[in-house]
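Chains here go by letter, A, B, C and D, matching the order in which they are written, and residues are numbered from 1 within each.
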Amino acid sequence: MVNVGVIGYGYWGPNIVRNFNLVRDCKVTCICDSDPKVEAHLSKIFPEIKITRDFNTILVDPEIDVVAIVTPVSTHYELAKKALENGKNVFVEKPFTQTPPQALELINLAEQKNLKIMVDHTFIFSGAVSKIKEFITNGEIGQIYYYDSTRINLGLFQRDVNVIWDLAPHDFAIMLHLLSDRPDAIRVFGKSHVNGMEDVAHILVYFTNNLMAHFNVNWLSPVKIRSTMIGGDKRMLVWNDISPDEKIKVYDRGVNHDTPEDIHNLLVSYRSGDMWSPKLDQREPLLIELTHFIECIIGNKKNISDGKSGLEVVNLLHACEKSIRHNGGLVIL
Amino acid sequence: MVNVGVIGYGYWGPNIVRNFNLVRDCKVTCICDSDPKVEAHLSKIFPEIKITRDFNTILVDPEIDVVAIVTPVSTHYELAKKALENGKNVFVEKPFTQTPPQALELINLAEQKNLKIMVDHTFIFSGAVSKIKEFITNGEIGQIYYYDSTRINLGLFQRDVNVIWDLAPHDFAIMLHLLSDRPDAIRVFGKSHVNGMEDVAHILVYFTNNLMAHFNVNWLSPVKIRSTMIGGDKRMLVWNDISPDEKIKVYDRGVNHDTPEDIHNLLVSYRSGDMWSPKLDQREPLLIELTHFIECIIGNKKNISDGKSGLEVVNLLHACEKSIRHNGGLVIL
Amino acid sequence: MVNVGVIGYGYWGPNIVRNFNLVRDCKVTCICDSDPKVEAHLSKIFPEIKITRDFNTILVDPEIDVVAIVTPVSTHYELAKKALENGKNVFVEKPFTQTPPQALELINLAEQKNLKIMVDHTFIFSGAVSKIKEFITNGEIGQIYYYDSTRINLGLFQRDVNVIWDLAPHDFAIMLHLLSDRPDAIRVFGKSHVNGMEDVAHILVYFTNNLMAHFNVNWLSPVKIRSTMIGGDKRMLVWNDISPDEKIKVYDRGVNHDTPEDIHNLLVSYRSGDMWSPKLDQREPLLIELTHFIECIIGNKKNISDGKSGLEVVNLLHACEKSIRHNGGLVIL
Amino acid sequence: MVNVGVIGYGYWGPNIVRNFNLVRDCKVTCICDSDPKVEAHLSKIFPEIKITRDFNTILVDPEIDVVAIVTPVSTHYELAKKALENGKNVFVEKPFTQTPPQALELINLAEQKNLKIMVDHTFIFSGAVSKIKEFITNGEIGQIYYYDSTRINLGLFQRDVNVIWDLAPHDFAIMLHLLSDRPDAIRVFGKSHVNGMEDVAHILVYFTNNLMAHFNVNWLSPVKIRSTMIGGDKRMLVWNDISPDEKIKVYDRGVNHDTPEDIHNLLVSYRSGDMWSPKLDQREPLLIELTHFIECIIGNKKNISDGKSGLEVVNLLHACEKSIRHNGGLVIL
């Protein structure tokens, strides 16, 4: 049995506790929240779980194998470090840390201690992303031409981060998971209209192989859109995460040309075939993710959302900050 | 009666002829096409119209008041110049010319000769754009935060121009018509995957007043999208030109905040009210446009799509070329 | 403080308990479920609520003011009768009872004892239905021409009822709530393909004033549709309950004609104006409903979903049974 | 070369002329319209075609092989009879005739004279219907459970026919083409609100094999819907003819059960697999239809829209009339 201590019981905490308790051979034995009212509430609804306001209770508890850090990003580094030093495996909310060096230090510490880190990039465990990964890996999309994502809605304005730190971690984690190539440069164009934080931004990510990814994040959109298009030389794919069904549509469409002469003479033709919307795994992504994490700890499975994945996202976020400070200047990664 | 001579009877020519003939006090008296097969066909279907393969026939015909130039962009300057020199008013396809100096020369020539130029930016005469213009002018959108347009589909690849010259003239003409502010800088990021011409591009247009417009043009999209979002501090608007109805949706949504302290303390609140989809003028935009042109000639009405409008679009297209050659470098306008 | 005892903790029970506890001056003090495993689970998650397997515990508890009956329809009559006899107000799941006489008896009993009955027609407390009711009452739809509803999806097959008893109670309750006129005849056409119960049915409901309502219920549809169209001589309305937003669209469209001669000469014209999608109350309908019920008990407010409403729906369901047994024969109400 | 004479040049006439002229080995040699203004217009735009106001010119012209009757239904019988008597093959607008005996007489006459009749049920030549036919014939849908069609919009009111004669011929022709079984009874429920003609109707069509088809036709709908659902025991299909693409969606969904005991014990399970939207033939259905007709005449191909098809539709329309006159009484076919 893997015992889990959870630090932080805000918006996302209840989902973490509920799902850890659904994982086989795993249970939450202690929850910490610094708010006395939350502590009182937790005591009532979880009479069999230890409740505390002091996170050290969790960090030093010899029965606890995993510490789940579900707190604001500014506290991740310190809490994760202490947890690792106390011999705990660590599950930490996205984004992993505030800076790349912090992430690197935690990765090294975990390696020395032979402990596992998992960063909570929930989306990469969703049925939709798993299916897209399958398509790309099997070569059904072919050489990728473009990757274009829109993640916009009205609010939620946050006090301490801009729209990029709020929304882009999802997209970066998804893109890095899906593509085998790694980005080599980034540019960001942002504007702030309401509270001094950027609330609208366009992000361009360059890869060595002629692929340019584009991300549109916006807190001022009247409609909520969660859409990603991936175009390849074999097929093209649209993922609409808002749609109640048919979230993924694969189009057997593209451009055909046989020889360089054809291209020169504009003898391109269009292939416009069937559209296909695959059935997706409907299970809750967070449960799949936590099950995966426990299997990594117990069964030594390869972790697909480890500290290195977390670091890659933090690297991109930091490059965004730099580019935005230089009005969209190119930041080489 | 205004007599029109039409040069070029390709894809768009039949619409031009049909609509000029529908305008009151106006008729097409001569059509020129250099292809003998087209000439033969025209002779059969328009027995009462003079048909020719030599455009000079039109340019020197003393009965003709307007020359409509419906030919590839590379021929616009020369044909328009000759037509003006021969005392004809000129209707010319978009984009107006290949270079800004050509456009400027034609504008000056027309002024000297007291002739009219109209550039065929058909969209600005559509019911949708007229309605959006009305909303913006009446202050219903308020201060504009962002302008974001997507014009993507599969093909049509062209031999001599990239996706920007093919698709962006529409968007530039619409934006310049809708906004009273003028752009002051531009950046373009493009990639070519098939025939050496850019087939995917993102364009950022900057205005002095904290407005950033973004245009996504793409020849490699499996789905056809024609969508523009305009967000303001009062209302937000989505124009979906593909939708068979409800093309424009106005959302009474936004962010409220009263004082700078509110903003500092993140006391922003969201206003989420009704959505409203206005009835649009269903008439054919090209007929409205040509009627407007003839009224400008006969009645001295102010032309909303004159040579200067054409020049502004050509200026933006040329700035795009420069930026793309410098990998997205900022081009000051 | 109004004390509530809940009988039945199946699919819907958790929502009932949660929402009664959210109503001001109201709390759940006892829950009964006959399944020992459910009982054990309830004891753990609600340590401060009395848990029992014997519903008599609730019926005789002098502290309890309201009994909520959240059990299969076959048990409603007996449980409600005993609760009323013990002086309890009764909240009962839809459909109210299996037969009209049972419903009538309960209504009379409640009146004699001066107790309240509420039948759980949750939908009539939704933001969408409230808004439609407002439109109809204010005369914005005008004289109603037709009422057409589609409620179809794949499954859920039930062992003991057909698709009509499963899905139509929602539609009947909504229609009866929205329209001031009462149906005077009904016809039903159904087919069973899988387990001997009707799984596809079309229901026609007649009113004296030339209005014909149509309901399509279907357990064998590949797509889930929840859509109602109401056409009137002033405006027309479409309610799409699946849509994440813009659930209600009001169309300023219709037919104009001035005199009988106009009609004779077919001088009808079409009015095609704006579409308007009103903002809806987003609160959970069940909470609004339970709050309303408690206000009826404490404040003597008029109950809009009382036993008589429940009886009207049971009457229609029984008429459906009769019609179906006679292959769509007309049943006068 | 097959020579065609066209009688009637109203709304649909131009399409008929244009498409007959596109068919290989076929040309329109004479057009008749009784309106002098239309005659004058035709003379101008078709200088090489004989134009007349007297249909007898066409009927007696020895050069003409096919007479296309594109006039109101009340004239079909007389014109078709005369054309057949003069040895012409006949193409006639839908619905074929006003009464079944008229249709029967024309069929017999054509057989005696060894001439061909084609009734213009254009939809059955569309890419969508061809693809659905293919699915059904190949057994991909399986045993059909239901067939449900909605064809509604605002207007067009007609002076002499109700909404059933206006809209249902399309649906009847499509259904009869798609299904190998024949209907054996029909019921119709209609209401008239505006000009004394039914403007809203529900039609139920029964088949011997437990299949019930339903058709909703309505002239008072604010939105235009053209949708058909066909559910079978293997797969289910939705055809949305308004959608610009993905008109047909095939769902690999259904109900599984192995033995009668399973069903009794409600051990049904749901199969929810992929959705698939096939590419459709984009060619103009009318051109495919006319090409087919000419091939029937020249090549003796089997006609899939012959007089018998036309008669079947007229039979259903007449049964509708009877049922509506008896308030939805069952009419045995």
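Side notes on the structure shown:
Everything below uses one rule, namely that a residue touches a chain if its C-beta (ideal position, glycine included) is under 8 Å from a C-beta of that chain, and two chains touch if they have at least 3 such contacts.
Here the structure is a predicted model, which means the values were calculated and not measured.
Of all chains, A has its CA centroid at the greatest distance from the CA centroid of chain D. Centre-to-centre spacing of chain C and chain D amounts to 41 Å, using the average Cα coordinate of each chain. Averaged C-alpha coordinates give centres for chain A and chain D that are 53 Å from one another. Within chain D, the positions touching two or more other chains are listed as 223, 245, 272. Arrangement of the chains shown, judged by which pairs touch: all-to-all, with no pair of chains left without contact.
Those residues of chain C lying in contact with chain D across their complex are 145-146, 148, 154-155, 157-159, 187, 189, 191, 193-196, 199-200, 202, 204, 210-212, 214, 216, 218, 220-223, 229, 231, 233, 236-238, 251, 253-255, 257, 263-264, 266, 268, 270, 272, 327-328, 330. The touching residues of chain D, when paired with chain A in their complex, are 245-246, 252, 272-279. Across the complex, chain A meets chain C through its residues 44-45, 47-48, 223-224, 242, 244-245.
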